[in-house]
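One chain, chain A, links the two complexes that follow: it is found with chain B in the first and with chain C in the second.
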Partner chain A sequence: MINMSRSISLGKILESRELLYTLLLISVILPIIHPLGIPIAVSARTKAVYDYIENNLKPGCHVYFEIYYEVAARGELEPNVVALTKHLFDKGCKIVYGSLASFGVIVFELMKTTAADVFQGREYGKDYVFLGYVAGGESAAASLAKSIKGTVSVDNYGNRIENLPLMQEVDKATDFDLVIIASSGTDTFAYYVRQWYTPYNVPLLFAALSIIAPSIEPYVGAKQAVGMLVGQRAGAEYETLVGRLGLGMASMDAQSTSHMLVLVFIVIGNVVYWSQRLSSKRGGGK
Partner chain B sequence: MSLVIRKYIPQLIVSVIIVLSVTFYYIYINDSIAKGFSTADKALSDWAVIVTSFALIVGGVDILRFHLTKIRREGIRQAPFSTVTIALLIIMVVLATIGWYYSYADPKAGITITTQPQFRWLYSNLYAPADSAMYSILVFYIASASYRAFRVRNPPALLLLVTAVIVMLGNTTIGGLIWPGFLGLRDWIMTVPNTAAFRPITIGAGLGTIILGLRLLTWREISWMGRRD
Partner chain C sequence: MISWDILGAWLSAAMVVWIYSFAYRDNLFYKLAEHMFVGAAAGYSIALALDSLNRVMIKPAITTPETFWTTSWHYVVPAILGVLMFAKYSRKYYWLARYAVAVNIAVGTGLALRTVPIANITRQITATIVPLWGSDPVTVLNNWLLVLITIGALTYFLFTIFPRRAEGARPSPLYYVYRTLYYIGIYGMMVGFGALFANTIMTRVGFLISIYLIYLQPQYWATIVAAILAAIAILLPLIRKK
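Let's turn to the complex of A and B:
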């Protein structure tokens, strides 16, 4: 009887949301202030993406980069975008950035400010171009695939597209060696599969939020995309591979401790649940 | 006459476009027809881009109208919230217009809509933290929900718990310290059982799109015209 009341009171304490929330806050903030520095292993999937770029893209190649995530998703996707950009620039690739979302414009600017070292020494118009926001969702993706110059007349900064040296080298989907989609939504990946991969067979590479990745996994399984970087962990792994540790690596400790805390609570929750269940069964038996 | 203009002509245009698009996408007749179709197809996509741009203006006007109506109906209780929304909407549009003006009037200054100082300040210091905070609140909800949901009440619940634990440990660096195999196991769960579960959903969505196309073609789908009758 005493055991039962003890388990009930422990259960009540653990049931209180305030305890979990407080511990969760601590587990997120503390590792950011005092990093644990736990080494990170690179998964086979992230390594496969790195190897694809390393083996298939030659200096002077052209990459189209879709930036489709809001500020809230920066923590998970920006490490991937920055690390991929660094890798592509190091390989001598030229990048055309674009966004099918209005918020992509400001997110790109924020990313450029955060990763100023990555863009240092790269000339705008020759090494990279930012088209800005292109309205129209899937129709815009289809239109860009047919002709960028026929879809947008000026870039994000008001420069005429035809005056930019890089845009004289590329115009349609087949001019690109790789298309990268960094998106916090599910539909964007489908747009590019339908409008860029299926008609033109352009290799696609995905960078997705952990919560979105499961739903777009079939595209990767069907080889409609060459690979996928999933969430913050993949960002941290890619940062390790390209040798520029940033936001991804910095927040991995916080992700690890918060995940572990939730796991501990799941275990405790089950112990309390089963002890209550067994006690009530014993009580009922008597 | 009005019924013809309001209902039959739009439906006829949609049906003709569907038939032509599907026909010329799958059937190759000769180079000139293929090129002609490609040009027409591109023009249609461009129209969609233009229409969407105008839809953004309609959206802005609609927000304004919605909040003005709300203030009128609910009075002082709603006024502070709606006033802030309307004020920020107007401020952002004005600042963006200034940025847009400078991008053409003085291109050397490097000021565009997104780099206009006050626009950027408001976005980075007001919108961005609020947006991030809203998203971050999810962590408490998910933590609380998972702690309550992952109770081993029966064998399927145990299977769900084990899968969740493997994926969570695979996502952490601590998991790798406990057992390096968690990472490979997580990838296997994502690429094999998860894909198997999601593939039928993807195929189902594809079939749904085809059915929607057929309904549009046969004039059974009319909700896109803004009415159900």
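Let's turn to the complex of A and C:
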């Protein structure tokens, strides 16, 4: 009887979501305070993206960079954006940033502040430009592909587009050697596949949240994109490749410990489920 | 001297803690943070939309009218359509909004339709036409899985014509083929959902980690105070109930 009540109370504690949340919080915070230094290997997928940029982009090339993620998704996508930006600048590429989302303006400025060293020595207007928020969703994406100057007359800071030296070199989709989409939404990738890749055949590169990756995988499988960086893990891998460790790498220990915790709970859940099923069968199928 | 930056950092740390406190229980501070977030987000979106309009159209039209009316005059058309959207709020002129909505839908549909058949149908079908024999066993296995699961998943969603097992009759070979593909489809999708679930955990944990690193760790005192306040707000009603 005592054993039974004990097992019930233990079961109740294990069932409570508060316990899981608390353990998850501990498993995230502890490895950040005391880093474990769990090594991470660079996946073939991330290496393929790195090699694509390394082998196909020449100094002076032009890249369009769509910034489409909210502040909450910074941790998953900013490491990718910063590492890619560093790689592109190191290769001597010129970047035009733009955003089809209103929150893109905030995250771009935050990214610039966090990665001030990456932008150091790069001249605004010559090495990079930020178009700011371009309203209109897919229609705006189609319009930008046809003509940036025809879509926006000024950049995010109110400078006239035609007065920026970089914007005298590029105007339409075919002027770009690569288009990178860093987005927390599935639709954005579809916009660029439909409006930039399909009509103009411009190479696309995706940087997506882990949760989005399975949904846009068919585009990568169908070679409509040259590659994809998936979440924080890919960000950490790319940081290793470009030699600038940041938020992605700092998160990896916590990712590993929290995943282990979730795995343990999945195993416990399955053991409890099957033992209950077996005991109910033995007890006459109640 | 407390600067606005420090105050902002404290506030952001507290807001994060209060929003996450909902995972334990609904409480006063969660509600406060939620309402502040919704208000700030709505206000920011409106301000940014107006700023975009001002930056792209109104300001250039006033400061450099010659350039604007020769190169960017077409911005006036969407601006008028945008204004027409607000006619919805008038009982007398609400019908004017229909023109703006109609143009918006027509342009969106037209733009999407011109490439959807190629981007989302043709290219996806051709991507499943892959060699099923070759020297690399991993590639061959992947290709088989791709083809079988694609056909299986499509078979699972056949809702109209499919082979049935007649009452008392021996099932036809087509019926067995259909059942096999049907189960391949189910298990293939299950594996897909499993991958999606794992990715969901990774994303949510990633959000938590980065938010902790960016907002909470640098302002740990604000975090602790906010957590204590949230704990009091959660526990106090529970104690009172007892």
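Definition applied: the second predicted complex is superposed on the first by the 273 of 286 C-alpha atoms of A that agree within 3 Å, B and C clash if a C-alpha of one lies under 4 Å from a C-alpha of the other, contacts with A are read in each partner's own complex, and residues count from 1 in each chain.
Going forward, a residue touches a chain if its C-beta (ideal position, glycine included) is under 8 Å from a C-beta of that chain, and two chains touch if they have at least 3 such contacts.
Fair warning: this is a prediction, and the values are worked out from it, not measured in the lab.
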| item | value |
| --- | --- |
| Which of chain B and chain C A:Gly243 touches, first, second, both or neither | neither |
| First (chain B), second (chain C), both or neither touched by A:Ser153 | second |
| Which superposed partner A:Ala140 touches (first chain B, second chain C, both, neither) | first |
| Which superposed partner A:Tyr273 touches (first chain B, second chain C, both, neither) | first |
| Chain B versus chain C as contact partner of A:Gln224, first or second or both or neither | second |
| Chain B versus chain C as contact partner of A:Leu209, first or second or both or neither | second |
| Chain B versus chain C as contact partner of A:Val28, first or second or both or neither | both |
| Partner chain(s) touched by A:Ala41 [first = chain B, second = chain C, both, neither] | first |
| Common interface positions of chain A, toward chain B and toward chain C | 17, 21, 24, 28, 72-75, 102, 105, 135, 137, 139, 142, 158, 210, 213-214, 218, 221, 230-231, 233, 255, 258-259, 262 |
| Chain C-touching residues of chain A, taken from the complex the two chains share | 17-18, 21, 24-25, 28-29, 32, 72-76, 78, 102, 105, 132-133, 135, 137-139, 142, 152-154, 158, 160, 190, 193-195, 197-199, 209-211, 213-214, 218, 221-224, 230-233, 247, 250-251, 254-255, 258-259, 262 |
| Interfacial residue positions of chain C with respect to chain A in the complex | 23-24, 44-45, 48-49, 52, 55-56, 59-60, 64, 68, 71-72, 75, 107-108, 111-112, 114-116, 118-120, 123-124, 126-127, 146, 192, 195-196, 199-214, 217 |
| Parts of chain A lying in touch with chain B, wherever the complex brings them together | 17, 20-21, 24, 28, 38-41, 43-45, 70-75, 102, 105-106, 109-110, 134-137, 139-140, 142-143, 146-147, 150-151, 156-159, 210, 213-215, 217-221, 230-231, 233, 252-253, 255-263, 265-266, 269-270, 273-274 |
| Chain B to chain A touching residues, read off their complex | 38, 41-42, 44-46, 48-49, 51-53, 55-56, 103-104, 107, 110, 112-115, 120, 123-124, 127-128, 131-132, 134-136, 139-140, 143-144, 146-148, 150-152, 161, 164-165, 168-169, 171-177, 180, 183-184, 186-187, 190-191, 194-195, 198-199, 201-202 |
